[in-house]
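Labels run A, B, C and D following the written order; every chain starts at residue 1.
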Amino acid sequence: MLREMLKYALILMCVTLAASGALGFVNQLTQPKIAAQKQLELQKGLSAVLPGTADGIIVPDEENAVYRGYANQDTSDFRGIAFSSFAKGYSSTIWTLVGLDSNGTVMKIRVLGQQETPGLGTKCMEIRSGESEPWWQAQFEGKFAPDLRVDKDGGEIVSITGATITSRAITNDIAARSGTIIEKLKMTE
Amino acid sequence: MNIIATALLDLVDLIAGSVRSRAFSGGVHPEDCKHYTEHKIIEQCPLPDYVIIPLQQHIGAPSECLVEKGMSVKTGQPLSKSTQFVSVPVHASISGRIAAIEKRPHPGGNQSLSIVIENDGKDEWFDPAPDTPIDTDNIDIDDLKQRIQDAGIAGMGGASFPTHVKLSPPSDKPIDVIILNGVECEPYLTADHRLMLEKTDEILKGLHILMRIVRAKKAIIGIEKNKADAIQLMQKKTKRWKKISVLPLPVKYPQGGEKQLIRAALKRQVPAGGLPMDIGCIVQNVATALAVYEAVAFRKPLIERIVTVTGPGITEPKNFRARIGTPFHHLITASGGYTTSDVKIIHGGPMMGITELSDQVPVIKGTSGILVLDQSVSDLSREQPCISCARCVDVCPMKLMPNRIASFVEHDRIDEAVAYGLSHCIECGSCSYICPAKRHLVHYIKHGKALLVRKRNSS
Amino acid sequence: MSFKKDLIKGIFQENPVFRLMLGLCPVLATSTSVQNALGMGSAVIFVLLCSNIIVSLVRNWVPAKIRIPIYISIIATFVTIVDLVMAGYLPDLHKSLGLFIPLIVVNCIILGRAEAFAGKNGVFRSILDALGMGIGFTLALTIIATFREILGNGTWMGVPLFGPSFEPVLLMILSPGAFITIGLLIGLLNWTDHARKIRHS
Amino acid sequence: MNQRFISASPHIHDNLNIQKIMVTVIITLIPAGAWAIYLFGLQVLWITLTAIVSAVLTEFVCQKIMKRPVSILDGSAVLTGLLLAYNLPPDVPLWIPAVGSLVAVFIGKQIFGGLGFNPMNPALIGRAFLMASWPVHMTVFDAPLRNNMPVSGIDSVTGATPLAVFKHMREILIHKSDLLPEQVTQAQQTMAELNGAYMKLFIGQVGGCIGEVSALLLFLGGCYLLYHHIISWKIPVAYIGTVMILTTILGENPLFHALSGGLFLGAIYMATDMVTSPVTFRGRLLFGVGCGILTVVIRFWGGYPEGVSYSILLMNLVTPLLDKYTRPKVFGG
């Protein structure tokens, strides 16, 4: 009885060992690639929401959980900050990168990840033919971030027809987060 | 939660129940079509050339044949004797020679052993009736019951249950009320109606005998309101009897159903699967009361009854006093024959009656009418799928769900059909009548009952 | 006992989706577009193939009492490999399939085949079985995805089929659309089968 | 030739049949449609006709393909088309009723075996399909109204039915503290106006789906059906009653809720659909109560402003259970 149990344990151990060995190997191979992909995606998003930093650099400010963007390598020409917003949408958490200039005005936003209702909520990423940017995200440009509201709440952001929840979620989350970030940065500076 | 909901719903039922009139719940209102014959006085039907008397005309054990082919018999002579309690004998309804004892078509369907008597035209009586009625008050109760059984009396409303059995409840079930059924809720039929008008006194005397037998404290005569003349007459004649009351009932089918009538008359419910005697009453048809009176007071066996011959397929609809065993075609000829060649012949009323393949079948003790329909009334439309409109559930006087039971039977799921109350169905036909999809619900249910019997027998 | 039958049965008469009703969860989730369907299909084919091979190789050393945990470990390993490789080299596909790749582990088709076939047969037949089942799964997924993508998005393999005035049937992209499509397809198959049987008899 | 007819008893039948039921229901629905034509214009007529023609055609084609007897004359397909059209906004493009009827009859009914076998109300299946597929067409009410909008708050918001406005205002009032005081005052005013608009709601001078606007005409139609025993009172009374009681408990105006959002159309014409509603006395009461509860839940806490169609669809699914557990006690049992 005991012998048999030991035998089973041993066999299972061998199998799991072999499996973990194989996984470790594959992980070794793919890890850098995956990390690079993630970095690339973030980088793309960051340079999109912080225009003017394309040739400059973006420095993570870990203390405030934001990125600072500069136009030049020597970090003298401060352009703005970028931060991630995670809004609770209709059916998913929506990850948006937001770029703010030093006055707290939105430069650009980019929705990077969402699993909203196809055809409704996903319209927040829709790029109309002949345009280069998602039309819905474009309307955030140049507006003072903490005051952002969708039209149904008396604001200026036109909500997506049939997807008020998605629109409101993104808008409110950006407004709320930018408020605290602006407060914080004023204190630190 | 569940308990509260059930309690609330029961309360609703209760309120609805107390508001409800003297009627059972459900039921249908078919056109009564009684105008064909309701004012026609009962005529004596001329005696036929031969009569066919099935040995089995009642519910219960068959009776034992006493005669042989070739024998001569007289009117009223017993042709069989009952060897068991739940059984009644049959009697010769004319005098003549026994031409055959063989299987003949029975109006209830199938073939049945029958005695065929050729008429000798004399109509000689085996035991001629006394000129004056016998004083029944002096006859002892057991003797009365024996006379009723010997006279071959079985319920004449259609079910044909031996009357003496109904009158012998076990001692732990005392009977306090007798309900006399003069409802006649089947459309077209007027036999009981005419009888109540023309034989009022005899019926009441019969009722008196019945009450004496079971020691009933009171009697109620239930009559549907569409027979206003009968109600008036009965009320007039019973005025001096405190024990007997006449109860006019709303016109609704099946008001004459035993359990429905009891509900309307007494507000008592016969327990499911039980008998009226369980709640202290028995129901007898008016024609049975008359037969009882004649059997006791004139020693006259049950050899004739009132038959309504009616319907759009009959040239001259009539109410007949006809001998048992008279072939249908004889009665139909006596009513002027068919109006058309394509007809549907029905034994009984249009709601519960059985279609006959041939007009050679005889009148039996339970034949209240012969209905002949022509094409205009014969409904032969196609069955459509059930749309669960709930009409059958609403009208079912037994509060069953005919749609479900029928569909269970259709799919051979007899156990579920039984769980839904298959055996409680009284086959009144209200569900099939009302069904907008023209589904043959009662037919399925009857079929299901047959399947159930077969299943129980085989197991 | 023909090898051809081992391969073909998974595609038609024992199609895992339409006939065995296995793996319906990933079918619902990943049949929104033909690309997703093909991606999911290839991932399943890979995992199924590898797990069938390994299981049929080790089948004689695996004690019956602990075969399920061993099969699961084998399958999970390959699923994780697919997940990692896809994340590294096909990031876009990984993004849209992301959540469903790890779920392949519990996809009944794979454990089902290991249990019903690979655990009892040799390597070569197991390979054929895995290929047949995998192709059958992919085929079913692609057929469903074709309906859903064309109706629900107006595209096929990402190529717009109708003009801009086409208004896609959103429901088809949502999960009810998958239920309706699968139901109708299975109904259609059963119906034609039934009709054929009636014709034969 | 002499013929003998043979059939099982009973030998006489009520002269009501399926076709007559359907035709009666259709006729009683016509006034509400006529009112919608007067209110929104002639396109309402085209939408209705499209829906009916599409439903009948689909039924015909399905029955031909499935080799069933063709029963388009029984009127059930016409009724499905009509009810579907009555559940559409008055300004949808004509392909919407066409597709909706196709889905309603094909997926909602014929797939399951045709009339009598569908588990859910076909017209509502069609509507749910359209609602999920083209929510923008189905939720935007842009049709101009004859005599214009009666309530000021309503025309300030695009494409709104009274209930949609109600839902929005209610949200504002719930989140009072986050909002500007003038917004709140305005919302309160609009609410008051909504609650005072009984007559307009009752007669039907508001925006909404084609068939739902005039509670009065639907009510009259329902009375006719009740009088002729085509429908029974249990479901509509339990349904509307439950909605009124619950809204009262929730502190809202019960009359406003009873008169708006197609409740009359749903309670009188769709919840009473014979095939998909229970047959027992208690079953029908419970069905109505269930519809009422679900409607209120959806209206107050759900994603849609109204809730009649989804509540009926959900309750359709429990109909077999309701029938099973509310079986009447056998007479004497």
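Operating definition for what follows: a residue touches a chain if its C-beta (ideal position, glycine included) is under 8 Å from a C-beta of that chain, and two chains touch if they have at least 3 such contacts.
Being a predicted model, the structure only gives us computed values, none of them experimental.
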Pair of chains joined by the greatest number of C-beta pairs in contact: B-D
For chain B paired with chain D, centre-to-centre distance based on mean C-alpha positions, whole Å: 48
Interchain centroid distance [CA atoms averaged], chain B/chain C, Å: 69
Averaged-CA centre spacing for the pair chain D and chain A, given as whole angstrom: 44
Inter-chain centre distance, chain C versus chain D - centres from mean C-alpha coordinates, in Å: 41
Contacts with 2+ other chains: residues of chain C: 168, 170, 174
Per-residue multi-chain contacts in chain B, two or more chains: none
Residues of chain A engaged with two or more neighbouring chains: 120
Contacting chain pairs - touch in the sense defined above: A-C, A-D, B-D, C-D
Contact footprint of chain D on chain C as seen in their complex: 167-172, 174, 176, 180, 184, 187
Partner chain D, residues of chain A touching it in the complex: 120, 152-154, 161-162, 165
Chain C partner contacts - residues on chain A that touch it in the complex: 7-8, 11-12, 15-16, 19, 22-23, 26-27, 29-31, 33-34, 37, 41, 113, 117-120, 129
Complex contacts: residues of chain B adjacent to chain D: 5, 9, 12-13, 24-25, 28, 30-31, 187, 259, 263, 269-272, 274, 341-346, 350-355, 357-358, 371, 373, 375, 377-381, 384-390, 393-394, 397-401, 403-404, 420-421, 424, 427, 429, 432-438, 440, 442-443, 446
Touching residues on chain C, where the partner in the complex is chain A: 32, 61-63, 65-66, 69-70, 73-74, 76-77, 80-81, 84-85, 87-89, 91, 95, 152-153, 164, 168, 170, 173-174
